[in-house]
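Two complexes come next, and they have one chain in common, subunit A, joined by subunit B in the first and subunit C in the second.
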Partner chain A sequence: MPLLSIRDLRVEYRTSRGTVAAIPEFSLDIEAGESFGLVGESGCGKSTLILAIMGYMGRNGAITRGQILFEGQDLVRAGAEELRRIRGGRIAIVYQEPATALNPSMTIGAQLVEVPLAHGMSSMVEARRQAAHVLADVHLPDPDSVMRRYPHQLSGGQKQRVVIAMALLANPALLLLDEPTTGLDVTVEATVLDLLNELRAKYGTALFYISHNLGVIAQVCERIGVMYAGKLVEDAPAAGLFRTPRHPYTRGLLASLPRSGADKRGAPLLPIPGVVPAAGRAPASCGFLSRCGHAAAGVCDAAVVPLLLAGPGHLVRCARWADLPEMAAPSPVARADAVAATDEIVMEAHDLTRVYPVGRRQLLANDRLTLAARRGHVLAIVGESGSGKSTFAKVLAGLDTATGGSLSVLGKEVAARPARRRAAALVAAVQMVFQNPDGTLNPSHPVGWPLARALHKFGIARDRRAAEARVSALLDMVRLPVSLRHALPRQLSGGQKQRIAIARAFAGNPELLIADEPVSALDVSVQAAVINLLLRIQEEHRTTLVFISHDLGLVRYLADEVVVMYLGQVMEAGPVSALFEPPYHPYTEALLSAAPVPDPQIRTTRIRLEGEIPSPLNVPPGCRFATRCPRKFGRICDDTPPPLREAAAGHLIHCHIPIEELRRVPPVFATTGPAPAG
Partner chain B sequence: MTRYVLRRAVEMLATLLVASFLVFVVTEFSPGNVARKTLGAFALQEQVDLLYQKLHLNDPLLVRYVRWVGVLTGVEADPLQDPALGLGFKDPRGDRYFGNFGYSTLYKAPVNDVLWDRLGNTALLAGLAFAVIVPLSLVLGVLAGMRAGSALDRAVSTLSIIMTSIPEFALGVLLVAVFVVAFGILPGTSPLDAHSGWSIASQLVLPVAVLAIYDSGYVARMVRASMTEVMAKPYVRTAVLKGLPRRQVILRHALRNAMIAPFTVILLQINWLIGGVVVTELVFAYPGFGRMLLDASLFGDVSLIEAATLIALFVATATQLLSDIGYRLLDPQARG
Partner chain C sequence: MSAIANDPAAALENAGRPSPGLLRRLPSSPIALVGLALVLFWVALALLAPLLPLPLPNAQDYLAMGHPGSSAKHWLGVDPLGRDLLARIVWGGRTVLAVAPVAVLAAYVVGAAMGLLAGYYRGWVDVAVSRASDVILSFPVVVLYVILIANIGPSPLNIVVAVVLASAPGISRIVRGLVMVLMHQEFVAAAYLRRETDLFVMLVELLPNCRGPLITDFCLRLGYTTITIGTLGFLGLGLPPPNPDWGGMVKQATSMITVFPHMALYPTIALVSLILGFNLLADGLTELSQAD
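Let's turn to the complex of A and B:
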């Protein structure tokens, strides 16, 4: 008997426009001790499913059909007290945002002991002892001090460990994980994923992991399901799913991601056309019908497609799966640095420093940054949060000013010049696209308004007619229908809003575009489309793109040069081809090791960073990275700032370790399977 | 925490000092001559001019303010009590003591004789009303906010709107009609006179009821809004899905967080109850602080107005200090 057996489950929501089936019919079995991952884009019903298992759907949601059998008991029909005993006792859940999942006004200890006390333990002393024990299990140093603290006194990674500890306290048989690493840095994410694997081995807990990130799922799960429009469309062992994906949607998800080794001059990203249909609006026969390139009339729209057996343990809900050609493995492309190093330098920072006074102390956000970008190149800046990437972007865009050093843009010195003191032409020439498209569009103005306003501000369109023509041209440039200019931001999808943001940035024909995590809030398939669009426009206009990102797969795909930042300083800089191969700076090596790769065949050599990035109020005196460096070799790292070493032309590494020694480090990415990769 | 309280207390004193200057400026510059107001409408112009001279009323503003503070702190003698003026103003405490607010021309008595009785009466009324308002609105608000959209929530919300929207005087008249006129079980006026045939306690019932009903509706709505918001927070979901009984979810996880926002609002009610319940005091002929301030303003009793305004300001800044301290105790994040 499976541990969890969901049978013909139907979940409906009452809305102002009638009842909507968020999950029309869903069946799934999970065995004891198994790790199952469920992927799908937002709106596919993943979170609804998790909350339905827990019987927590709010006042307007209800399970209208089916069973959820857990250890033989039907949770749909369980009474309040039975449900209470199972919640937190036999099934526990780890949430997406640990910051909001913990009660801000209770100490960690008080929140932890509630779990054993609610599930049969009567001794407070024993409960505290057990809580401290589990905190040690999730590798939180000094559990007793953590228990006395409040959530806001812990970092994001520590909070997620506390939430995991809370879930494990009653030793549940099933652990539900709802995007537990979204919002965490890659380095922290990697340690959390390691922790989950370790705890599963130790406690034998079954994992039900939902995520939109195939890379993360590949690290943790033995079996993977793909969910689309409330239905399971594919269910296969992890290796089989990545090697021979059968469902067109699964293939679409994989093709949207940059495969390792590929770059923008090789295979383009292949986004899935269209958007996820609203809950209850998907075609009944096959939910993916309207977006599928292989749909055939009379086959796909005739009857409801069942799950079909496509191989050992491999189920697929596609009537035509046997007719589809095998998905081609990405062919390796000889990486050529097509842009010439002789191109004109449009942006150059030299010893750029931004210090914020905090009381009597100094917060070093940017510390003697030296970097440059050439015309038409894509310069990617990577690093954990707190490394000073966004501060640099703000100084560059004129939203903040530097406190030292120089920054020249198009030959003009702007380090101490905020945007309001820059010439209009220079403001138009340096534009920015932000991470969150929801926050950057005024909700009460139609989306054509910011475009027209930008044109007016930059003096590009003198009269109304010229402005309208130009707005239409801009919308056309980002492949949006011109009619959309009168729509309000809330009527647009996330991808459409980000296209508007890009159109606005290009209104003044910028020479330098700063994009701060422009796609990290978007779904995978939408991400691919926006990246393709951005790169096409950038190449056409020979715009210089400063691309800030934590997604190393994406950076490898689109960057020409990469700068790795840590605690306000540059650790390593160089052409993209050099950066992803040894010699690495140890920090770059750690970042690459942490990056989740959506392919179980590519084993990453793992080095893990312990602890957190130090506070920029109190930076280490020698090498900034010395406190966490796995390759630190002596006092010199702590005491002396490292020298600048040139590994190759234009490839700079700030490290005490000689280049020859760094060159001997094995590459992080190595292929174990037959598929060729870079 | 101690350092924080000390710092805030010093800030409060500074605020009071600045406020006292503003109070002085506003009252002294109100229409009418201070000397004329002191002597009354029937005094001869020569007498007024003489007093004007004696009081040095044509000195610069700052000098007069410093002199006024001097009298208040007992450094200088109150010039009005100077027997040479022949006004007959006498204060048994003498003419030079700390806290000398001067002489009330309306009541023909030292301000200190008038002020504290009235403040005491109002404190009694406010204290009783507050003791009803806080538990009543908390219970109503929490019950309603616990399950947003439930029948109980809708009932409580409707009730609180009705309670708040009936004006105090209408409510007063309504209650008098029922309990005084129809049943005759309560007195219609509350002069706090023990010889009126009604006990002091019975005289307090109706004024307290009016204030409590009027204000509880408002505070309950604040509490409800905050509670609803907290119940939708992810950490309440965490608490439920930990397997905690509903009682514990509400009492341990929701309640404290739901109190953070309405706490300030609740303390602000003290200000209103001390200085802003003139209507209720008038309806029930209650000898309270608000009514005294109104009479003093209409009469132009400068010393009494200044004293009463300072007291009201003190109450306002003190509740502010209290609410800031309470806020830090409730919300660990504010403690940093």
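Let's turn to the complex of A and C:
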């Protein structure tokens, strides 16, 4: 008997426009001790499924059909008392946001002991002993002191460990994980994923892991399900899913990710056309019909497509799966450096420093930053949150000013010059695309307005008709219909808003575009389309792009040069081909090793960083990275700032370790099994 | 196949979806509709006052003074001076409905300006505006009105001045809070990257996004101001006689409230129904904005 068996589940929501089936029909079995991952973009019904399993359907939602059998008992029909025993006892859940999962007014210890006490499993003394024990299991140092602390005294990663500890306290048979690492930095995410694998081996808990990130799922799950429009469209062992994806949607998801080793000149990203249909709006026969490039009339729209067996343990809900060609493995292409190192330097920072006074202390956001970007190149800046990437972007754009050093843009010194005190032509020449699609457009104005306004302010369109024509051209450039100019931002999808933001940035024909995590808030398939668009326009206009990201896969794909930042300083800088091969800076190595790779065939070395990035209020005196460095050299790392070493022409590493030694470090990425055919 | 070209189709589908603003969705809230009906009832009476077959509000009917209760000639009866109560209520509505919106609007101009400046510039501007507001807000409102009107004299303009002084700090606080949140939004940064002026950012980028909470607050404040005008009238600080004034009418009738209760009752009902109308409208708007 499976541990969890969902049978013919149908979940409906009542809305002002009638009843919609968020999950039309869903069946799934999870065995005891198994780790199952469910992927899908937002709007596919993943969260609704979690709510249904936990019995937390809101007042307007209802399970109208089917069963959720857990250890043989139907959760849909269980009474409140029965559910109380099961929830938190036999089934536990870890949510995305650890900060809201913990009560800020109670100590960690008080919250942990509630679990065994509420389930009547032990006495107070016994509960405290158990709590300390499980905190040690999730590798929190000094459990007794953690128990006495309040949530705000812990970092994000530590909080998520506490939440996982809390979930494990009752020794549940099933652990639901709803995007548990989405808000965490990659280095912290990697340690949490390791922890989950370790705990599953130790406790034998079955994992039901929900995520939009295929890379994360690949690291934790043995079996993967792909959900689309409320239905399971593919269900396969992890290796099989990545090696021979059968459903066009699964293939689309994989093709829209930069595969390892691919770059923008070799293999372009292939976005999935269209958007996820609104709940209940998907075609009944095959939910993916309207976005599928392989749909055939009379086959795909005829009858409801059932789950078909495509291989051992490999189920796919596609009527044409057998007709589809095998998905071509990404062919490794020799990286051609199409940009020349002799190109003109358009932006150069030298010892750029930004210090914020915080009370009597100083927050070092940028500390003697030295870097440069050449015309038409893509310069990627990577690093964890708190490394000062966004501060640099703001200073460069003129939204903030530096407190020291120099910053020259197109030959003009702008370090101390906010946008308002820069010449109009210079402001038009340095534009920015922001991270959050929902905040980037003013909700009160139609989307064409900021475009027209920018044209007016930059003196590009002299009269109304010229402005109208130019707005149309800009919308056309970002592949949006001209009629959209009168729509309000809330009528647009996230991807469309980012396109408008790109159009706005290009209104003044910029020479330097700063993109601060422009796609991190978008779904995978939409990300690919926006990245393709951005790169196409950038290449056409020979715009210099400063691309800030924490996604190393994406950076490897699109960057020409990369700068790795940590605590306001540059750790390593160089051409992208050099950054992803030894010699690495130990921090770069750790970042690469932590990045989740959506391909189980690629094995990465396992380098994990202790703890989290220190506060920029209190930076280590020697090497900034010394407190977490797995290759720490000795006392010198703590005391003396590291020298700048040149590994190759243009490839700089800030480290005490000699280049020769760093060169001997094994590469992070290695392929196991047969090499992908070329 | 261009993958990107497929996206606009979905965009158009999105654009066709109805998403009306707060005021246009009003009909879907019964509470708001009841409130609106009450308010519109008084607005209609006030507008039509000169056209209605009523005696002049200050015309005295000495014959009716013997029997001040309702009669065929005076539907609601007459006041102690023999003036038709219905006429005085209808004409009194004109003053309330003219003074209250003007006063609240004026308070909004001043309050929104204060809030915009404080929330936008922070620093010493914020300190100055906020501390000044705190001083005003530390007075009980009625005491503040009495002190003001007693000193500058009762007149419609002075009522407006008093309402502005008493309400602007509260409005300023709301706007300041909203502006401080909006300032972190990226569209504000985008405006700086067009070299927009501070004034433009405040008035065109920030202020329009405050309107949701402000519309609700506006209705509530109309209700409060109506109470204020009534209270001032009752305290003898409203419009100077013989102008019809609901609060003043109640005051005039208090000495004979046990003999002729209708003289105080009808203006009170008028006052209560108008205030109720404004409050229900505000409640309905709150409900609608929370339903988003």
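Note that the second predicted complex is superposed on the first by the 674 of 678 C-alpha atoms of A that agree within 3 Å, B and C clash if a C-alpha of one lies under 4 Å from a C-alpha of the other, contacts with A are read in each partner's own complex, and residues count from 1 in each chain.
Rule of thumb we're sticking to: a contact is a pair of C-beta atoms (placed from the backbone, for glycine too) under 8 Å apart; a residue touches a chain by one contact, two chains touch by 3 or more.
Everything numeric here is computed off the predicted structure, so don't read it as measured data.
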item: Fit or clash - subunit C, subunit B, common subunit A; value: fit
item: Touched partner set for A:Glu114, first subunit B, second subunit C, both or neither; value: first
item: Superposed model, angle subtended at subunit A by subunit C and subunit B (C-alpha, nearest 10 degrees); value: 30
item: Partner chain in contact with A:Arg87 - subunit B first, subunit C second, else both or neither; value: first
item: Which of subunit B and subunit C A:Gln491 touches, first, second, both or neither; value: second
item: Touched partner set for A:Tyr203, first subunit B, second subunit C, both or neither; value: neither
item: Touching partner for A:Tyr356 - first (subunit B), second (subunit C), both, neither; value: neither
item: Touching partner for A:Val275 - first (subunit B), second (subunit C), both, neither; value: second
item: If touched residues of subunit A are counted for subunit B and for subunit C, the larger one; value: C
item: Distance in angstrom between the closest Cα atoms of subunit C and subunit B, superposition on A; value: 5
item: Interface residues of subunit A shared between complexes with subunit B and subunit C; value: none
item: Complex interface listing, subunit C residues touching subunit A; value: 1, 3-12, 14-15, 17, 19, 184-187, 189-190, 192-196, 205, 208-209, 211
item: Complex interface listing, subunit B residues touching subunit A; value: 149, 233-235, 237-245, 248, 252-253, 256-257, 260, 330-333
item: Subunit A to subunit C touching residues, read off their complex; value: 270-275, 291, 293, 397-399, 418-420, 422, 424, 427, 430-432, 434-436, 439-445, 450, 453-454, 457-458, 479-481, 483-484, 487-488, 490-493, 495-496, 501, 504, 529, 532-533
item: Complex contact set, residues of subunit A against subunit B; value: 54, 56, 59, 84-89, 92-93, 95, 97, 100-106, 114-115, 118-119, 150, 152, 163, 166, 170
